[in-house]
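Two complexes, one shared chain (subunit A), two partners (subunit B, subunit C).
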Partner chain A sequence: MTKKTTLSDRLWYLFLAAALVLPFIPGGIGNSFHGHVLTMVLLYAAMAQAWNIISGYCGQTSFGHAVFFGIGAYGAAMAVVQFNTLPWYGAPVGAVVAAVTSVLISAPCFKLKGHYFAIATFAIVEIFSRLFMIWDWVGGAIGLDYPILDDGWRNFSWSSDKNGYYLGALALFTLIFGVVRWIESHRMGYYFRAVREGQETAESLGVHSTAVKLSAMALSAGLTALCGAFFAQYNYRVDPPMVMSLDISMKFLLITILGGLGTFWGPLLGAAVLIPLQEYTRAYLSHLGSGVDLIIFGIIIILTMIKQPMGIMGIIRGVTRRTSTVPAKEGDA
Partner chain B sequence: MTLLEVRNLTKTFGALMANSEVSFDVERGSIVGLIGPNGAGKTTLFNCVAGLYKPTSGTVTLDGEDITGLPSWKIARLGVARTFQVVRPLKEMTVFENILVGAHMRHRETAKAAEIATRCMELCFLSSYRDHLSGGLTIGNKKRLEVARALATEPKLILLDEAVAGLTSTEVKEMVEVIRRMKDEGITVLMVEHIMEAIMPIADKLVVLNSGVKICEDAPRAVVQNPEVIRAYFGEKYSRRLRTEGKEDDHGCDA
Partner chain C sequence: MDNFLQVLLDGVLNGLVYALVAAGLSLIWGVMDVINFAHGEFLMVGMYVSYWLGFILKIDPLFSWVAAGLFLFILGAVTYKIIIRNSLGKSGMAPLLATFGLSMVLKNFCMNRFTPNFRLLSGTILEGKTLSFGGAIISVPQLVTALFALVVLSLLYWMLKKTRLGWAIQATAMDKEAAELMGIKTENIFLLVFGIGGACVGITGGLMTSYLAVYPEVGGLFSLIAFVVVALGGFGSIPGALLAALLIGLVESFSGFYIAAVVKYVAVFAVYLAVILLRPRGLFGW
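Moving on, here comes the complex of A and B:
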């Protein structure tokens, strides 16, 4: 809240500047495989950060985010495929539908205490994915395939030079990380964390915890849907298993937990480790069958959890604390 | 003028009557002590007033407004702050952030809330722990944090549930000083306390609960001489000691 620039601020602007310059360097992004990987890192970091709002900062673990991601993906795809219009209309509609859906789902589920909320969200993914499987209007099990479109921002579609996708992902990343950065230093951020740390205590301080959780959920779901819209544009198609599966839900969770739950940098760090791993194993180990990436994800997560439950951010904090010259903070009288 | 009016308040847990037909008033600007043996129903009464529990029957009126059974966040916004006997720090947040949550209740702007929070932090002797995670504090500091956080909501009435118990004798003196300062700032105080040394010199009135029933309501001096209170709570010896200490206090004050 004090207006001095922190190390985190400096890193943030430095990172954005570097990421923005990259596509304009020859061989930076273009149509290269590492360009694709970097785009996915930004996208998954943004997704994980959106999930982090409700599950990290506000402490309500959601396994249901594939539903909101899927709604966003279908929003863009329906606009293009069924309505022959631009994804720019479909994406915000998807975001609003996802936010409203998330509130309708969560309102009864937030009454459940402790882990039951998480379990309830688990079931919801299955319900929605079945629903979309049999719903002909949205393409059923076959899904929606994009027609051939002109390259460019208007259609948000590029077939050869993928710089546009990279910049789109960077914009999404900046939006979502920017929102969280703002929240962190404002009342909403303090309320999110207060609800996580003790709902009854927060209420004794005038915090309407149900309203706080629902706003966190709506915001998280809406932003997640925008990521889904991007995903549909990027893949040129959408079907239920691709966007509305527990696999997808788990990725939100695993990336954030690996990086550091409830921290600003965690989602980026987690994505920077797991996504290259996912993309390169898919490219080079795909003959071992699908799901190899998830197996590797799982092993890494288990190892981190044993060593450092706060994830990569926990490791970094441990190191900076040990090397800092500031007198140790532990022993309080 | 009456700020808080408790009327025929009853709270049962199954067959257990934790509070039974309790009535009393808290005058605006006063310090009222709520005492009684363990299990008398003091914390339950606080929880009923603050909205954590819904009373089984009876009414709670604040400033003429019926607040019985309202959710606790609404009651907090109406001006009733409370501390928890079993401390509840927001563990993964720093001392300052804990207090800032309270201060945000009346101030959307974080800069303004930070100003209030800083004042409450200083008032409760917590400034040197500003950036410590509250989960790692000593019990004494956690108790002070409870008070600072509640104060940051700028309440009309503050409910202190054994805020002094468990502190060292120096800390007790500091906390008594804090409570005096609250009164000076116009905050009404209702406090549960076992440490009579802490409550006797500052309370304007004591309410005594025993097994959920109010057995006495009077000025502190009169309460410690009340035979029923002595039987239920102090025991003969303790009461005699209090009386003599009370006399010494008188001389101290006059001098």
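Moving on, here comes the complex of A and C:
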């Protein structure tokens, strides 16, 4: 990669500028429903991008990310509810614990291949969520409810004007997308992709594949935990099904794969389509009874997998390939 | 000692039922290398078929399992035609995620139509019947389901090992292209395998309504256990699935009784992880 600014760079800075200006426009975010939806888009895009590091760039499909997300959520909630201190202390602790946990879990599991790895990570999610269900110190099955706190950045809590949450989600989004942007253009990113494309080949060229996979996993888990901490603050409570279930793990996959696995823009595109779809159908189709939003969600997933398993980035590449004479390369985005 | 026998019998009966739930999944996985994520929801649909037949037409689960099996055979075949065939081979995760989408559709459709309420058939032939065996009490509906599991698994095993169809299925599992060159229509084999996989879980669901309540999320835990059983048994191995299911059933009942009921599934998944890390291809995998 050269220092020349690419189209992707320009889009990235333009997007950040637009997203940053939005809450300062009247009616931009405030306490509106679309403000909530945009905050969720940024959060889920950030989560999906964190998952994309290990699963997209490094090729190790993890179904276990709910564990790291949950640890992060409990980190923030425990700091506030049990220790009466600030979530700012709980979040980094959660991130470190998640990263360490991810390494301890992954070191033995990485030797499993294909579906065996996938099912092992399912089992780990079940073990963790069931242990949290019976662990009284972290609230057991009831979970942890936040007390009423003063609004503001100190408590990372806002009750009426939700601009703070939006900006927090944007900061998280910028951090995680920034990390991936940096990785993409540096040595680490080449290591990740080398391991994905062929572990044996990568090793023969002197890449220590286990160390590469474990560092990708730790980075991914730590960043995922920060998203979990945000989620706890935003919802003002945590319980195991909410932050540590297989459904949460599947969200990471679905968003990234709908957008485009292993691409920089994929997680944002996936979140920008799925999250508003889910939130608006839940809000506006509720008269049709429960579950309609998830039925539509399911149908979209089925159609995507049948028609274009490379996701939205696959569609975009298909279009640009047809209109330009320069062939798009794998990994460019 | 009485407790021990009771716990042992509970474990074995549960294990046999798990084996039948897992058999279809194992077959599909072994032949096509596809995880059917909607497997638990297939079970749930089978249970609803038998529940509604029992509730509206007063057909006992002892008979309505036939209808549930047939319905799920068709659902499995349609799933193959529409979803699996079109996502197979495109990318590793495509069939898994497509069937996950299907599981969301099925679960939420039932949630929407039938409400999340638990529904238990009453007035069935076997309702409340028990046998006493050396001081231990056995629920007859569960015993019947477990015996069915043995019969269906034996038939499945016989079909795979002794019939021309079974040889064709095995050939397709080993090498699809070579099988095609030998004149096997692998497309039809895949369709049939998905149908049989559906039928197995449909029969199980149909029988289970005689002692279990049906609700839209009933498939969740069963499908997880089925995944674990299949991975533990080694993919595609019916005897492997049977032994793994018995192991899982026993771990569940013994840890539930001798440690605490709340940790039984933690123990199940922990034992699974321990075994799979020692034998990464399962107990009987290739």
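Just so it is clear, the second predicted complex is superposed on the first by the 313 of 333 C-alpha atoms of A that agree within 3 Å, B and C clash if a C-alpha of one lies under 4 Å from a C-alpha of the other, contacts with A are read in each partner's own complex, and residues count from 1 in each chain.
Convention: contacts are C-beta pairs under 8 Å (C-beta built on N, C-alpha and C of every residue); 3 or more make two chains touch, one makes a residue touch a chain.
Remember, it's a predicted structure, so these values are computed and weren't measured experimentally.
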Touching partner for A:S160 - first (subunit B), second (subunit C), both, neither: neither
Subunit B versus subunit C as contact partner of A:I124, first or second or both or neither: second
Which of subunit B and subunit C A:T5 touches, first, second, both or neither: neither
Superposed model, subunit A: greater residue contact from subunit B or subunit C: C
Which superposed partner A:N84 touches (first subunit B, second subunit C, both, neither): neither
Which superposed partner A:P309 touches (first subunit B, second subunit C, both, neither): second
Common interface positions of subunit A, toward subunit B and toward subunit C: none
Subunit B-facing residues of subunit A, complex: 1, 185-187, 190-191, 193-194, 196-198, 200-209, 262, 329-330, 332-333
Residues of subunit C touching subunit A in the complex: 29, 33, 35, 82-83, 86-87, 90-98, 100-105, 107-109, 111-112, 116, 224, 227-228, 231, 235, 262-263, 265-266, 269-270, 272-273, 276-277, 280-282
Residue numbers on subunit B that touch subunit A, as the complex places them: 50, 52, 71-73, 76-77, 81-82, 84, 88, 90-93, 97, 100-102, 104-105, 108, 110-111, 113-114, 129, 131-132, 136-138, 141, 149-150, 152-153
Subunit C-facing residues of subunit A, complex: 61, 108-109, 111-116, 118-120, 122-124, 126-127, 130-131, 133-134, 246, 250, 253-254, 257, 261, 288-292, 294-295, 297-302, 305-306, 309-310
